[in-house]
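In the two complexes that follow, chain A is the common piece, with chain B as its partner first and chain C second.
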Partner chain A sequence: MTAAQRALPRRWPLLRSGNLHGGWPSAFWFLLPALIGFVAFYLYPAIRGVYISFTDWNLIANEGDWVGTDNYDRLLDDSRVWDSLKVTIRYTVINIVSQTILAIGIAVLMDRLTKSVVIRGIILFPWLIPNVIVAMLWVWMLDGNLGIVNEFLGWFGVDPIRFFTDTDKVIPTLAGINTWRHMGYTALLIFAGLQTIPKNLYEAAALDGATERQMFFGITMPLLRPILALVLVITIVGSLQVFDTVYVATGGFGGQPGGPANASRVIYLYIYQNAFDFNQLGYAAAISVLLVVILLAVTFVQLKLLRAGESDLS
Partner chain B sequence: MRKPIWRLIAVFIALTLVAAACGDDDDDGDAGEAQPAPQATEAAEESAPAPTEAPVEAVTIEYWLWDGNQQPYYQQCADDFTAANPSINVEIVQFGWGDYWTNLTAAFASDSGPDVFTDHLARYPEFVASGVLVPLNDYVARDGVDTGAYFPGLAELWVDAEGNRYGLPKDFDTIALVMNSGHIADAGVTAADFAAAEWNPDDGGSFQELIAKLSVDANGNRGDSPDFDSSNVEVYGMGLEGNFGAFGQTTFSGFAASTGFQFLDVNPFGDSANYDDPRLAATIDWYVRMIDAGYVVPIEDVESLGGTTVFQNGSAAVMADGSWKIGTYIGADTPFDVEFAPLPVGPSGSRASMFNGLADSINRSSDNQEEAWQWVKHMASAECQNIIGEAAVVFPAIPSAADIAVASHQANGVDVTAFTVHVDEGTTFLFPITDSASQIEAIVGPAMQEILRGQADAADRLSQIADEVNSVLGS
Partner chain C sequence: MTAIADRIEQASGAFEPSARLRKLGIGRGTAWLILIVILIVSLFPFWWALRTGLSSNSELFAGEQSLLPVGYTNNNFERVLGTASETEILDSLGRQNTGSFDFWQSLKVSVIVATAITVGQVLFSGMAAYAFARLRFFGRDKLFFLFLSGLMVPPIFTLIPNLIFIKNLGWLNSYPGIIAPFFFMTPFAVFFLRQFFLGISREVEEAALLDGAGHFRTFFGIIVPMSAAPIATLAILTYITAWNEFLWPLVVARAPERQPLTVALGQFTAQQPGTSPDWSGLMAGTLLAALPIIVIFLAFGRRVVDSIGFSGIK
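What follows is the complex of A and B.
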């Protein structure tokens, strides 16, 4: 250890240990591309977005004047913002509950029953299809007149179900489609978490005569908690940001995106409408800032509640 | 122990603020600077001696349109244009309708994009308000372009409240009924019956009798029979476009206007809309009753895949649609023969069809506005419009070219006079032009969806939204 390294504060153990071997210049160059990308594509747009939320920015003219908190005042009075938040939350609850339960089930089955990489690959399949194509496929399959699903239901005497054009069914339908698309990926994440649970716990439990059910609730679920917390944070944040599936599936061929009768106008769609249809980028930015605050709060609360940073294994 | 992290973050934010400040400077710089010129690579003919008024270098004009069916024919116009003006090349770029407006918005925001683009009446007032279009008045006056050469009204649509012209007309469209020939023959109905039909919002007139007769339930009973089962319909008398809409171009607008209803107090650029007009509520109520009766396809069945798909599937006997869709109905995608009939005569004593037209506008950030104007002028000329007419993809804005389109269809055994009769008899009304069309669409569209589902009363809901629409127009 050189004198210079010894002089470094204790709290920089990596540098003190001399692992970098004076590699700061190289480290800098390796980090630079990511740093430039981060600043150019995340930090700067984020700060500029906040600035734009205080202006009456016109997207087409690409200019705007400072209007103070006008956009935020308007937002508080705009019932459409709160309606679309309600729609988004309804979507998220249905999507996350169904997706997580199914994903845990698939992950446990993969862990306990098979080691086949082929099956893991197949389970991931829907996740590999682009969202837009998933949405269009389901629009055709679930159509009230021409869809194969209703044809199939018809054989059992079920009247055609208007999955996308019934105001009560459109959100559960969209949530179901994204559950179908994402559950394999979520299952794979949980499956990775299951691999970290020591097998000897199951062996010991089996010797004590525990059933699969007891082992699931007594060993698997508690030890899976940190991974599950992470998965839930990722999926809930992703779910609250749903846009493409809704835009394509409800607007694709004949209707209005967010329809019918605004029943599927999620918050991101409302932001999109304001920015790109109504040409009110300042107001759209203000709603986006609100959404960021909500997402931060949701994530923070979740991490605290689920104690994601701790493991019960140590 | 975490202090260094915070210090790092502080340094980071400071750096970013500096970057943000620089970024602002750059933005201003870019706005003032010339955009990267597409013609840079083409600037080969520098040495050519310049005749009067002709540009020194060959320039390329980028032209955008959304209708892929028209692209080959505008390409032919472009080839002719370049043959006559060797120093101007035209590059045509086509996007689908949705992408088109998104890309155009992005192009305006970044001071780039096409030199010339196909413009729509629902969008151009917002572009005018944002100052991204070139006024054409001086060019028109200088070159003596006769704006009276087009169908009456078309040229005036592109002049704003201050008298600035932002486009030269290229085509027009009207609405008529498209009919499944097999279905109407089965019912013993002819196109002539529809052409003679009368309609009113109270009992639907003879038009309602026709669509009742055309409706067939699963047991083969027709809509005019007492045994007709409205809950189990095989073929609906009339189809619907999925996006019923705020302006109802292919849905309610012709029916509502035949009662005397008008969308705006003044068109173009009115500052108050008439959504609380009882004649509009009566018209929408008629649709609700027809859906209940099983004569009109339920809105839920057409919102997803669209009314055209349902019509092509044979589930509706007639449907109102625009002249730009003629090619779709007589083409291979429609597996049966069709005929066309004009919209019915309403309580006002005449029929009514929305009259809409497209024009070409010039982007203010174009570096070659003079050449862009030459191209706009060419597309608005008889020479180019006759090519479009022969191709018969749309009706050109010049009457003689439109006649060519009608004759061209006639030669193929298709009678499209149902669309032009509205123009010939002067029974058209203009597309309502406001500077907040998309906001009105977002207010009225969903309300219409509620009403047609029976979730709201037409008169109540429409008078509610009338206030909302007027506050948008007034702002």
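What follows is the complex of A and C.
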């Protein structure tokens, strides 16, 4: 009998003995479909992806020869890789800052004003809509000639802004669109976190004469740290992998995906182009490996820095 | 019931937070105003798409910016649905239809793909989750950890190997090819259901097992009915995610008759000319493609909203 089994109450003799839930024979059929899926579409491709990055795989011939570290050597010298990383990081930083600040604001407002499911539903709604549709809605609203947003800005004397055709503005524009889609989701995560903070902490602080500002930075933010760490990991990892919005929003209406002048060519798009436009799957796989390393490093560092597992509440 | 509970909660919390907000210098009214602006920002693009879809292109190009449709017409929706005649198309576009997609065929693909993925993924992930939550077998915790580590694998990394795998199976441009990678499991689904199964009392289950029911009968007869709510929530989230998927069907289904709505709409956008694109047709198509998601959300919004806190906090 294992320690875990001994911990079970005596009225469950079969569980205590371990006979009832014993072994692989009974578990096998429950696990089989999921195991097939995991091995075929997660484990095997992850290993094969690394292998492909050492070949010159060609999708049309569907074969590739071992080329050693050629793809990685090329990657280090390819300024377009580093340009696309810079574009991606710029997008991520703008997106994270705007999204997190807005989401904290919305969450605090909702926490104070209402727990209405309808209001939470409306705020969450854009998150459920496919990226493709979100991109199209905003391409129309932000159109340089006919867009309602430029019309609106015109009332305040602002000249029409070329949101998608100006190389400096395209990335902030895309980040703004993504912020619109995700701020409700992030706000709900933070809102859920706010519900875990005991209200009597605020009452006690208020009795001691703490100001609203002191309570926000002294109580709310520290106790929200675990959820903020999680939110930041989700949003940063997600932002580094942006693709759909960029592909659709910059690819239509006579434009090239990643345009204008590659100002919005994010790393995902560059991988996509190498694989499916240039038919260099080995090289695309090598850049993917680089991206995975970056994603793992970001996640690891963030969780360490934010000590996500710990809450000051215990 | 819950609505009443909400109202009581609001009423009882009304005093204290408003006093605190006043300290901040923001009245309750101002706070509500900000929240309402956020709600409008969340919903306005959808109204604008509907308004544009019901407008005629010629009036749009004349620069009309009324909040209501300009030059009201059903023609754009009819064009997308394929019920408009050639002359009607010429009338509304002033030219031949450049770029189009077969809405009904793509709708069919989206429905088949999302339904198959939801059924397979929820069933098989649920079975695996039961094994991880309840059965005892060698290496269980290590295997579960391995499954969870699949959460860290970014989709782009497995995209290329998976595509080669599907190509080798001869499944390009086919339903099995689009469905397979999501059919058997996702690490999130297994994790999500395992959490719920762990929380179910063992007593009923123990009784069933003592009565000689096998694990399959226990699972389908007791565990599944007792977990109907979380299973429904997961099914809704899975359906929406499958409906919104873009990158995988984009690379695996190049043939128009196997493209789901997201991909078909993306291609439709890419075919639009830079000068005088068919805005009203695009917005009509966009809304129609989002309609199933909107209907699901109206029907099951509360489940989706409530699930957000769970997936965040665990």
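By our rule, the second predicted complex is superposed on the first by the 281 of 314 C-alpha atoms of A that agree within 3 Å, B and C clash if a C-alpha of one lies under 4 Å from a C-alpha of the other, contacts with A are read in each partner's own complex, and residues count from 1 in each chain.
By our rule, a residue touches a chain if its C-beta (ideal position, glycine included) is under 8 Å from a C-beta of that chain, and two chains touch if they have at least 3 such contacts.
The structure presented is a predicted model; accordingly, all values stated were derived computationally and were not measured.
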Query = Superposed on chain A, are chain B and chain C clashing or fitting side by side?
reply = clash
Request  = Mind working out whether A:F217 is in touch with chain B, chain C, both or neither, as first, second, both or neither?
outcome  = neither
Task = Based on the superposed arrangement, let me know which partner A:W82 touches: chain B (first), chain C (second), both, or neither?
result = neither
Task = For A:N279, select first, second, both or neither according to whether it touches chain B, chain C, the two together, or no partner.
result = first
Request  = Could you look at A:T167 and tell me whether it touches chain B, chain C, both or neither (first, second, both, neither)?
outcome  = first
Task = Please indicate which partner A:F300 is in contact with in the superposed arrangement: first for chain B, second for chain C, both, or neither.
result = neither
Inquiry  = I'd like to know which partner A:G259 touches here: chain B for first, chain C for second, both or neither.
reply    = first
Query = In the superposed model, does chain B or chain C contact more residues of chain A?
reply = C
Query = Given the touch rule stated above, what does A:P130 touch, chain B (first), chain C (second), both, or neither?
reply = second
Task = Once the structures are superposed on A, label A:L59 by its partner contacts, choosing first (chain B), second (chain C), both or neither.
result = both
Request  = Of the listed stretches 113-121, 239-247 or 275-283, mark the one in chain C with C-alpha atoms clashing against chain B.
outcome  = 275-283
Request  = Using the superposition on A, tell me which residues of chain A are in contact with chain B and, in the other complex, with chain C.
outcome  = 12, 43-44, 48, 59, 62, 139-140, 143, 146, 252-255, 276
Ask   = Which residues of chain A touch chain B in their complex?
value = 11-12, 39, 43-44, 47-48, 51, 58-62, 139-140, 143-146, 162, 164-167, 252-256, 258-262, 273, 276-279
Ask   = Which of the residues in chain A come into contact with chain C in the complex?
value = 12, 14-15, 18, 20-24, 26-27, 29-31, 33-38, 40-46, 48-49, 52, 57, 59, 62, 105-106, 109-110, 112-126, 128-133, 135-141, 143, 146, 148, 151, 180, 184-185, 188-189, 191-193, 195-196, 202-203, 206, 211-213, 215, 227, 230-231, 237, 241, 243-244, 247-248, 251-255, 268, 271-272, 275-276, 281, 284-285, 288-289, 291-292, 295-296, 299
Query = Which positions of chain C touch chain A when the two form their complex?
reply = 2, 6, 9-10, 16-17, 20-21, 23-24, 28, 31-32, 34-35, 38-39, 41-43, 45-46, 48-49, 52, 60-61, 63, 65, 120, 123-125, 127-128, 130-131, 134-138, 140, 143, 146-147, 150, 152-165, 167-168, 180-181, 183-185, 187, 190, 202, 206, 209-210, 215-216, 219, 240, 243-244, 246-247, 251, 261-263, 265-266, 269-275, 277, 279, 282-283, 286, 289-290, 293, 297, 301-302, 304-306, 308-309, 312-313
Note = chain B contacts chain A in the complex at 1, 4, 12, 15-17, 19-20, 23, 31, 102, 105, 108-111, 126-127, 130-132, 241-243, 299-307, 309-310, 313, 315, 436, 438-439, 441-442, 445-447, 449-450, 453, 455
